[in-house]
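Order of writing sets the chain letters: A, B, C, D, E and F. Residues in each chain are counted from 1.
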Amino acid sequence: MTTDRKEPAYLFSDKQVAEKSELARRFLDTRSRLDENVHQADNFLVKRFYNLDHNTYMEGALPAKYKELMGLVASACLRCDDCINYHVIQSYRLGVTRAEQEEAINVALVVGGSIVVPHMRRAYELLTELYSV
Amino acid sequence: MTTDRKEPAYLFSDKQVAEKSELARRFLDTRSRLDENVHQADNFLVKRFYNLDHNTYMEGALPAKYKELMGLVASACLRCDDCINYHVIQSYRLGVTRAEQEEAINVALVVGGSIVVPHMRRAYELLTELYSV
Amino acid sequence: MTTDRKEPAYLFSDKQVAEKSELARRFLDTRSRLDENVHQADNFLVKRFYNLDHNTYMEGALPAKYKELMGLVASACLRCDDCINYHVIQSYRLGVTRAEQEEAINVALVVGGSIVVPHMRRAYELLTELYSV
Amino acid sequence: MTTDRKEPAYLFSDKQVAEKSELARRFLDTRSRLDENVHQADNFLVKRFYNLDHNTYMEGALPAKYKELMGLVASACLRCDDCINYHVIQSYRLGVTRAEQEEAINVALVVGGSIVVPHMRRAYELLTELYSV
Amino acid sequence: MTTDRKEPAYLFSDKQVAEKSELARRFLDTRSRLDENVHQADNFLVKRFYNLDHNTYMEGALPAKYKELMGLVASACLRCDDCINYHVIQSYRLGVTRAEQEEAINVALVVGGSIVVPHMRRAYELLTELYSV
Amino acid sequence: MTTDRKEPAYLFSDKQVAEKSELARRFLDTRSRLDENVHQADNFLVKRFYNLDHNTYMEGALPAKYKELMGLVASACLRCDDCINYHVIQSYRLGVTRAEQEEAINVALVVGGSIVVPHMRRAYELLTELYSV
């Protein structure tokens, strides 16, 4: 069963995110630099994987914002800080509130246990920067 | 930040689920039998953990149905068939469509890789029973 | 960097494998039955993932037989019996010897630790059936 | 830093455990059958690994019973039912009480999260058989 | 089955640990800073989880020092440096010897495999600082 | 089944690797410093484990270069940057080409999913330094 997919509409650009949060800026800069190197390698299967990954989070049967939060839960359970940063930022760009981000992290915390706590602490630091007024 | 929580409204009871799907019935029966034994042990911290777990999936800042799907994604990434069965059934009881369940599983598949495939195959068998007409 | 890929030449068909080993037969039958159900669901991203997975193990810069053994090592480290069965069978079909399979499993054992042992025990049972004379 | 090691003194034999618990008997029988097959393969590195594993749980700086419980916690966190069964049985053979086993499992539950719960349920079933009067 | 729980008696305060080891000091400082931010978020379920976690390691059927070592084994198996640091420090504060810490880490090493080695190396650096004379 | 083992013939020394790549140099230096501390601790089981680990990757039924690549796949699936660095360097020292390294990483990527991507990015940076002309 497959529903139509389309690009989500972001409320904020990566640039705006980087201006709001120093933690986000450093993450996005490093990721860009490393990904440029990956793109130059021009590996066919890596490009296919990136494309598949991109398609997974588009608007579909589920709103994109909930799929980004699902990506956040998966990333926190599997304990990958870079992945957590990425999905927190993507969720923020799609208008997810801080309370919604915290509830998604709570699902990861109860499923994944205290081993998730150090990652949660770092995620909360990013949340505090992104949602400061 | 904490939002009010309340019990979600289920469209189907466990009994109705068990009548719809033989796979679900067997899972629910085994789980009830084993949990009765756990409850008799009456371990304080286990009860506290069960209570915390229950609270995590209530209606809150995020609708309960999306949190059950997040539990499904986490379970599929961490590759626990019992947990997958549980969250597929809970999502079904809350009115989640099959297309929505499949999209959540796709997030787990792309985050978790081909190691998720055997669990996805078994989850699809349960989906087919639950959503048959 | 991407090398040309082509289909590997199998020494044995799945049918021949199933005739040699009862464990393999049961695994292949269950997998076929469940995959037929997945194919009927006709999920776009699942099909894309299956295709990507198929391309990963083709002859390329590395001989297909070593990539199947790498898939075996990954499966044993991540402790997925179905995935182990699959890659043991694929390696066997490509002419990998039992000594080579055991050395690959040793890499998984030392990287992954004693938690791999129960899966190794089951893999050895399959090896014994496949490589019996 | 290395302390002298010696074999622990077991209060019960595997045979006595198997007579007390049907779950334990089935586990021990399957394990023996599969290990006999592994031993016939006579793989040098597997034998070395088994030897290293055996040495890890001997009496040393820490009493053997606590190391078996540590093995139980590790097994529950890494979610391996066979490993859990093994360490529950070994702990029982060394005179560990049910309350002590439950507390060790609680450490695994809080560190590893709800993904540990299905394994805990099965472990409690084994505990109930082993510690019945 | 639940035994009475009470707070363990620590031989050393966090402050004393930080004075003994620069690695410990940096870990404790970062953890305090991040936890202060978590506490300000005042998330109900996070507070419940922290409370559950705290209760798990109290004196009970098992002495607190062995439960901290169990936490260490779990952390090393699940490969979380922050969690390893935490439980090494807690064990030290409860009077655990270096030989006991090393034996607990050996359980994690044999259960979790060589993937644990980089974390073991860093843990040994902390041990050397904490147990220097 | 056990084949004769012998030390592999390296094309490059660690020193040559460190001169070629700054990332490799930093990794090798830190590892040496930490391992010296481990060796001083002189823990019997750790030494046994290191010895077992060393034996696993020797020339045997499988060429050492493919076993180093299997170690790389396992390390990437289990997401350990230090272990990835180690096996990328060892493979390089044994004459593995960049295209072969990328194909091994592709196996890890498809088995382990997008959670492997951040580690792949860092591995590609090391590959670029090592294979620059």
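Descriptive notes on the structure:
Quick note on the criterion: a residue touches a chain if its C-beta (ideal position, glycine included) is under 8 Å from a C-beta of that chain, and two chains touch if they have at least 3 such contacts.
Remember, predicted model here, so these are calculated numbers, not experimental data.
Listing every chain that touches chain A and chain E alike gives B, C, D, F. The mean-CA centres of chain C and chain F are about 23 angstrom from one another, to the nearest whole unit.
For the pair chain E and chain F, the distance between C-alpha centroids works out to 30 Å.
For the pair chain B and chain F, the distance between C-alpha centroids works out to 40 Å. Within chain D, contacts with two or more other chains are made by residues 1-2, 41, 43, 45, 49, 52-53, 56, 74-75, 77-78, 83, 102, 106, 109-112, 114-115. Taken as a contact graph, the chains are fully connected, with every chain touching every other chain.
Touching chain E in their complex are the following residues of chain F: 31, 34-35, 37-38, 40-41, 43, 45-46, 49, 53, 74-75, 78, 80, 82-83. Contact residues of chain E toward chain B in the complex are 1-2, 41-45, 48-49, 52, 55-56. Across the interface of their complex, chain F is touched by residues 77, 109-116 of chain B. The touching residues of chain E, when paired with chain F in their complex, are 79, 102, 106, 109-110, 114-115, 117-118, 120-122, 124-125, 127-128.
Across the complex, chain C meets chain F through its residues 1-3, 52-53, 56-57, 60-62, 66-67, 69-71, 73-75, 77-78, 83, 97-100, 102-104, 106-108, 110-112.
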